[in-house]
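Quick one: this structure, given as structure tokens, is what I'll be asking you about.
First chain written, first letter: the chains are A, B, C, D, E and F, and each begins at residue 1.
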Amino acid sequence: MSDEARLTHLDEQGRATMVDVGGKVETERVAIAEGFVKMAPETLALIQSGGAAKGDVVATARIAGIMAAKRTSDLIPLCHPLMLTKVAVTIEAVDTLPGLRVEAMARLKGQTGVEMEALTAVSIACLTLYDMAKAVDKAMEITSVRLLSKTGGKSGDWNHPGSDGAR
Amino acid sequence: MSDEARLTHLDEQGRATMVDVGGKVETERVAIAEGFVKMAPETLALIQSGGAAKGDVVATARIAGIMAAKRTSDLIPLCHPLMLTKVAVTIEAVDTLPGLRVEAMARLKGQTGVEMEALTAVSIACLTLYDMAKAVDKAMEITSVRLLSKTGGKSGDWNHPGSDGAR
Amino acid sequence: MSDEARLTHLDEQGRATMVDVGGKVETERVAIAEGFVKMAPETLALIQSGGAAKGDVVATARIAGIMAAKRTSDLIPLCHPLMLTKVAVTIEAVDTLPGLRVEAMARLKGQTGVEMEALTAVSIACLTLYDMAKAVDKAMEITSVRLLSKTGGKSGDWNHPGSDGAR
Amino acid sequence: MSDEARLTHLDEQGRATMVDVGGKVETERVAIAEGFVKMAPETLALIQSGGAAKGDVVATARIAGIMAAKRTSDLIPLCHPLMLTKVAVTIEAVDTLPGLRVEAMARLKGQTGVEMEALTAVSIACLTLYDMAKAVDKAMEITSVRLLSKTGGKSGDWNHPGSDGAR
Amino acid sequence: MSDEARLTHLDEQGRATMVDVGGKVETERVAIAEGFVKMAPETLALIQSGGAAKGDVVATARIAGIMAAKRTSDLIPLCHPLMLTKVAVTIEAVDTLPGLRVEAMARLKGQTGVEMEALTAVSIACLTLYDMAKAVDKAMEITSVRLLSKTGGKSGDWNHPGSDGAR
Amino acid sequence: MSDEARLTHLDEQGRATMVDVGGKVETERVAIAEGFVKMAPETLALIQSGGAAKGDVVATARIAGIMAAKRTSDLIPLCHPLMLTKVAVTIEAVDTLPGLRVEAMARLKGQTGVEMEALTAVSIACLTLYDMAKAVDKAMEITSVRLLSKTGGKSGDWNHPGSDGAR
């Protein structure tokens, strides 16, 4: 059975388990993920109005995302503790959504990929944006959280088929 | 300006700040949130095959969601520490997606709502499902994470306009 | 079926879940637990020799136990976050074992018991003692970790049948 | 004085301190530990009855143990942060006890051993089992938590004299 | 011996212990603390130059302080877990120092004071400022971290004798 | 612009970001920091009286400092997770202050410095000392928290100009 057709986090008895990464080679690994917070146009306008205010909403979500990436192995039961060398989170308005787009990049030189770190950064940044705007718009949705690309590791580079990869 | 038209997590200078909940009344508060992990039909089939295996994927994600709800104030910068009296997470297959639907409920008697706890439980459970199946399907998407309903508190009960509320 | 004959942390479908303590009455609750680290007589002698040295081994384990009690809900998946009003850990030599006995007491006024907090304090204090002496004695055993007594709550006071309760 | 006859976690003044592992060589290190939860026969029967239910009790404890192993350096004051490459926890019924046996394995390539990670996984898994069954049996005991074997490192391989080592 | 002349965190045997706050009355409690990061004038100028840049340095430190306040009982061994209802951190330039002044306020209705929460917020915000500017000025000093005022609780209101209290 | 004249934790848009350390060389890195808790002479006398009592105050603060160093990347938003190989904290009375002096040393072989780890250990140890003595002296000040020296890394060794470096 190929590596592509079994759940690696289950052992032969179907029990959840950490994958053993001890035998994997250390390579430079990068993962980029994105997600969106869809909201009413008035909510987006409110977040965008006022320079300082807007700055703090976005800065708070960015910091929350970076800190969450570092705690991924505390949150996702079967993730390995990792020594990330870089995490970056960017947040931008998407008027056509309308809403905000969050992109996160995680990087390390190590034996296992950093997809979960990038996805966790995106998710917690989106939740933080929701938290800060929920008093005016409880109906916001966090949507299309997905991996855009990964590089490094045995399985090689990968880009999401529905995206143009690392932007 | 009404309570509905300003960002309560910014002070008058536009700085991010915790809302003071000290003056709020203690009431029973419940929040229910949902989210989806959209995947290839083969991935869903693989998760559903094998009783024990399936059980462990779902049980792991459920436990991760419950534990994350308890750590919400550690993850979301402006959330208050809360004494949750109950968290429940359920996960079910949605063949038409295809994928898995996660629903989380958080409850407490306190001075502030538990929306973020329910949404955090959903998000981390979804990320855990992604983690456990990512070896076979990196293109999965976490989507439509949203609050379904909240009850209790000054602002009263609320149901998401696009849903039938607490299911 | 009586409350005494089902596993309260499983719902009707057998899924792990937090017990809802929202309906429980707030009472003063105290739990006392104990545990032992059994070791070679030379190891115990080494720990006991030298006033300052001994003090620091025991002080470190006591602090570790107190800090762990406060993190119980982070460690035990279905435990509720609690506002402990007091945690105390005492450690004493038991020459006949030979080894060390750890006792922990946890207290709060709340809706759920503090048995797990007392037991977690004992377990982590025992592990810390093991850690500090393992260079000289890897064969040590942590043994007889158990609840001695609990008071408060609907089910009333309880003493371990094999002990003389809170000492 | 030989390495075997002093407490390495105390400095010359008897103060608790982290051992400096900077000079140690990086080797593959594995530790295996075990522990038992002794209970009334009816409690064991209850845990074993019902496939799904049993599965969730055991799955929850296993996940708790794995997650705790990753947090060992947060809990045990003088433990080093480590990049575990693998943690596995297995739980099986022991009818003659009667009760449950927990075994944990931790592995990494690094400068210091993983005994504490394996022992912490066992202890927290045992506490989680206690938590889930305590409504029916408060008198359960966590017992014989010990290191079974360690491999790697300067001091070489070690098996507990009272066991048959890594099973 | 008066309450003012013993160390309440040591028991009669001189062992570190959590104070039992179970018997204390629940009152509204507020604590305000301050601290300073003293730096070269060029460093302060660099932090102040560029609107967005300055905003992010200060916003990051403010968020770090707020998050740290919520984790005080995780960091300070004998602190009680608390349900803070409000934490606020403000940071301002002090040209005469030269440097930055951090002020933190913590509030709750509870049985124990929030001095440590306010002081922890100040300390971690100062460390974050140091971290972000250390590439240009390693010689910065964190100085005069102190409690300015506390209100609520049995011992009544208190203002630091060397300050004008809550500013 | 030289490395000495920009804030490395801000990107070109002035947004807070983690510095990418992936390209840095692994070297042995050591940082030493100090800080002081200034107090009334009676407070210092009280802490110093009674061997065991004094031991526990100091031991508790030392343990808190060591544990905090390991959690630096959890507390300081843009710090990298690190695998410290050694942390040491010493505390001594300074009669002329009067008060206590805390010194912390952090060491690792890695790609980034450990200044923040040493400074965090000092700060949390000082806060713990404050906590344990605050019942008798709320006016204590934490002062002169600073880096004494760092060795290793591209920028080479550094000693604080106002100190005699690593003591």
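Everything below uses one rule, namely that a contact is a pair of C-beta atoms (placed from the backbone, for glycine too) under 8 Å apart; a residue touches a chain by one contact, two chains touch by 3 or more.
If you want to know which protein each chain is, UniProt gives these names: A, B, C, D, E, F = Cyclic pyranopterin monophosphate synthase.
Please read these numbers as outputs of a predicted model, since none were measured by experiment.
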Report the chain whose CA-based centre is farthest from the CA-based centre of chain D. E
If chain centres are mean C-alpha positions, then the most distant from chain F is chain B
I'd like the Å distance between the centres of chain C and chain D, where a centre is the mean of that chain's Cα atoms. 16
Inter-centroid spacing, chain D versus chain B (mean Cα positions, whole Å): 32
Residues of chain C touching at least two other chains: 15-16, 51-52, 55-56, 59-60, 63-64, 67, 71, 77-78, 81-83
Which category does the touching pattern between chains fall into here: line, ring, star, complete, or other? other
In contact, pair by pair, are chains A-B, A-D, A-E, A-F, B-C, B-D, B-E, C-D, C-E, C-F, D-F, E-F
What residues of chain E sit close enough to touch chain A in their complex? 51-52, 55-56, 59-60, 63-64, 67
Of all residues in chain D, those that touch chain C in their complex: 3-10, 13-16, 35, 46-47, 50-57, 59-60, 63-64, 67-68, 71, 75-79, 115-116, 119-120, 123-124, 126-128, 130-136, 138-147, 150, 158, 160-162
Quick one: which bits of chain C touch chain E in the complex? Just the residue numbers, please. 28, 59, 62-63, 66-67, 70-71, 81-88, 90, 107-109
Please give the residue numbers of chain F that touch chain A in the complex, ascending. 11, 15-22, 73-74, 77-78, 80-83, 110-111
